[in-house]
């Protein structure tokens, strides 16, 4: 069976560490590089619930989008997150790895996934980087056909399975050019507007970002941090499976289909 | 008629500048200290819409919660916010002043307003400061009677006039101790939990803050940045009117009752 | 009529923003990019007096060497500079733009102007930069004929219209190689000496800079910050007129010929 | 049985966290605060060898002088220290805690231990701190009787069980006043000299520190980082036992008597 | 004869080191604390000329206002200031010490000297400090009788022996309240104006400081860095002589009466 | 006779300043660039003893490995190192220069010297740098024949003339690949291990570095900061003599053969 080291090498090819933001901590969170891996279990968040699901499904590796150790820790306390997850993962023999802003950036990553879900055309990076091979932050492209914002809202709710969404902009606005940023992308309002977008779709939008969009005449949709990322993971999952198969590595890739956003609408 | 200087002095008594966070910029945004003031118009945000409303209502001063110049500017461009507001304010002779995190902190400020709206008892500061006279960040207190989260949700929607709210936590949880933070208070999840809160009510909650609340077993309600602040301004407005009246200053205080959140639910 | 945007584009060609020092703030100070411009009025300093002169001369743009907003501001107070200038400029519809250390550096800028006034030959940059196209700080070159310092002093007073000047070095010293830095260039004493200058001409010289020159055997003339810059503006003014004319832009360029140094000798 | 939390509380009383240097990380390294503790095993270093010895001796807690996580970590790799120790500790159910520079500083800590071993009299802190209750860095005091450096050397080797020691200064120097710093104290040469010491005893002395001592006429003995600290732990061990006993906490305290310095002389 | 150490102790009493600005380097520049001192020679600047004069006058100590080593040095090159002065001072056995911003600040220091020369009354510190015993930056007080600026100019030239001075403000302005800052005090323009001064007298004034004074309606006189400090040294010289005499220390204090400003007017 | 400037130029060719670490201060410490030089005296440390030896041997230049002024100084006190050395050097007319981390790095420098002493083959830099011409930190290479650690220990003691050495690792370990770092190189333990070394030879090893080596299974020998550097100076001395001879510069190079480590073993 392939080792965790081999799995990390595959992941590095798909979403190289140097494509991540400086503040990020992708890659190995906790684990044993020589551990043999037969199943990788994918969740958005490294919660205790996700870990237990991975254990139940007999996975050796929990692969998450958000890192378990986003900021360096100087003490591991079993009574407190992430200590609880770390203790239980070690006791149950599950390694935890992450692909975060590197996965956002790369081809077939989160943002390419989003752009694909909405059928965007002539897709470019929203925030470019020096090295094009590493992708960039967010994507921007054109809808196949211009549409009213009202119609776009309905489609998004279906595509992302979003119960409710939060919106800036009148429903009769015509939308042609759309920027997408999985997760929390309200900080890209000005850039999206400068690049000609009529609409920015993202999550975790804050009040002052909504005001900024309004002042710039940019429509803005907060479809949820969870929903925009979870739904857009699909191309990555396929890509991962293909690589394992190409490399003749006998590793099952399973997605946590019971994971839910921690927030609901009332 | 009293001058803008005199109005700022009153405001300083109610919400002293030194009670603000270090990064904040409360007080005079643009204006002429010797300008005579007959009417102060209060809005949450210094938008062009708010300014025009103030002009229409013949106010000389627009007093907002969020500062017009949150970060120092090195150029004023009429074509871009906040340049557009600054140009129009100067042309129309309207001064703009703000009371932001200083107003959050002080007695009768935003957070005291929130605590009052929910009838909290034995209210304390959530995040204490050295000098008690200056208030602190957020408030924490007990509901008059313990209630299920489901009931609390219904009450909040009525009190804040919130169309929809976002919730972490099962509806049958018993809520006794409640923390409130107007605006964006998701960063207080750990502190609220440590101080014994069963529920934190705030706005602009982000995905990782919701996860953190879930991990700590704290119920969390995002009732909207706009709604939590706007509704909670009332005690401040009364306080301002009283001070003017006590000082025999003939200044009308009017609240922008047409202001709306830039985001709506769909 | 051309817009302010078009005028700024011309200025950018002559003295590109990236040629400025990092701490500087050239370009738009306050204004409306779509404003139509028929006359540009040039002064060294953006004082209230300069602004009023520009208004009187029916200029739409006041172009100064020193920026109106050298450091970012977080509040505009009409009672205090630069708030007074900003309020009055907006009320009178005058935009204010600046070309500062970028204009010092570039070909036909302030320092080239100074070198030309003294007839320096084989002129080079005093402080070189990586990219030669952007010019550098100060200039150094040879007098057409060597002269005694006493003679040079007399010539400078005539050329710059300087009432009095301040001098380090005996009058009978022979001067061949001369460094010039418009404005405040006392910090270049060591560099000028290292590069073989016999004399540095600049303004705003401080006591310890004079001592340093004396210790290094470098003659030093403080001919005034104002005088060295104002007199040296001429090539830039010509250049600006030529560009407008080349571009068939009907913009009058007028220089404030009544501007005086704030300091006089007694 | 008492919990790990209770053990940490006792430790906090003896060597409070705020007595540690800013860069240090004393206290909980990894563990479960509600774990029941029947035996604490004390080593200088949290090596795999120490951990395995603790497991063998049926201890629930490994208490070390040097922290397991001296600098925050962002990933735990089983194949690499300290990941190997962390994995094995969690698997074996052993918590790891540390008392480092706080234990150096406090009464009955490492440095008091050293001063006691040499019988120093009228002992004071070498580097004083604002708050006397928290102790300070190193100790200084007088030998009961002045002695030649040669005699002191022989005594130290016996007392600390040091195979060899490194020395600066002639053997016939008279020694009366002695400074002691457990661990690495070569940086205190100047201070010890200024405070009148004839000799500084410490470990991990570097070449330039030896030169500095020579220039100042201060005798200097490097008796080993390991030996100075390990031998001086005794008063702390006694103190810990007493506190457990006073508090009627049934916790056995055992010292790793097989631990050796990683360096030997050849 | 007293030692250099004893002389430094006297100086410390008069102008304590902790009264200096943080960036300053008062006290011992180069010297031998056990050197015997019979004569102290005082100059404003530690130039080679001042040193040679001190040698000629058989002084063992050169005491200057400006430090010889204002910024730490990492190499001493005899061919370059201050290396030349350091080599020659060591070879000739002259120690060099300085009293700079500490001497500016204290009672009977430079700024008190200036205030005394102009007969200012009810003198206060211009920039206050926490600890009043240590003095502050600059002084402010009232002229015995209000006067026109023109008259004040004439008096200053006589008092300071200033050939020429530089002035901001019309001659017929009435001057009552005057701020004085020896050396380079143009940075105090705003403070002087806020504290009610009609005039600030200082040296090394820069163009933008002159503009600032003009905008604030404050008269400003640049009477020379050298002249304002050198002339104002007198009370300090007397004070130093008195202390030596009180302490029965047989030390002659001599002032360099041939020192001249490095800059002259032409 | 050649000048000090010419000697420094030769030194710059052999060990260019830009090859030094950023924090280092190689080159001129104190001296007169125009001084004539007939003899250069080489010591490891610029102690008073080394200086006096240089004077006795009629050298004009003391060339040391460790800089006399490692950190910039703001005052020179004859009573305290390095003031004592500086005063005496100036009085005796001896210039002092240094070649430190630049000499460590370059071809024929300290680390190449060490590698040569142990007969290492296929030597590479331990820590590479961008520009290969400038060398790097430490060296790594293979022993001509693998040997047991016990044998290597004996050889090192002979080669370096080391009385005693400190060792991590069992004597029967097989050693093939060896890393060497003159002076204090314990911080290179991890890198040496990663690059395949079986043994690191250096000086000034600290306790935690020894533990790190033990954990990584790397043998470690502390043969003394002094011994590793002093013995390895030979190729540099030869190189210096050759350059003088090639340039027809009549300069004698003499090595201080009486210099001893300040620390001895007891």
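Letters A, B, C, D, E and F mark the chains in the order given here, with residues in each chain numbered from 1 onward.
What we mean here is this: a contact is a pair of C-beta atoms (placed from the backbone, for glycine too) under 8 Å apart; a residue touches a chain by one contact, two chains touch by 3 or more.
Predicted, not measured: the structure shown is a model, and the values here were computed from it.
Counting hops only between chains that touch, chain A reaches chain E in a minimum of 3. Minimum number of contact steps separating chain B from chain D: 2. When chain centres are defined as mean Cα coordinates, F lies farthest from chain B.
With centres computed as the average of Cα coordinates, no chain lies farther from chain A than E.
Interface residue usage between chain B and chain C, two copies of one sequence, is largely shared: over half of the residue numbers at the contact are used by both copies. Separation between the centroids of chain A and chain C, computed from CA atoms only, is 53 Å. In terms of their C-alpha centroids, the spacing between chain A and chain D amounts to 47 Å. Centre-to-centre, using mean CA coordinates, chain C is 33 Å away from chain E. For chain B, the set of residues touching two or more other chains is empty.
All chains form one closed ring of contacts, and listing them from chain B in the direction of chain C gives B, C, E, F, D, A. Taken in their complex, chain A has these residues touching chain B: 45, 47-48, 66, 81, 153, 157, 164-168, 183-184, 203-208, 210-216, 220, 222, 224-226, 261-266.
Residues of chain A that touch chain D in their complex: 25, 27-35, 69, 71-79, 83, 86-87, 90-91.
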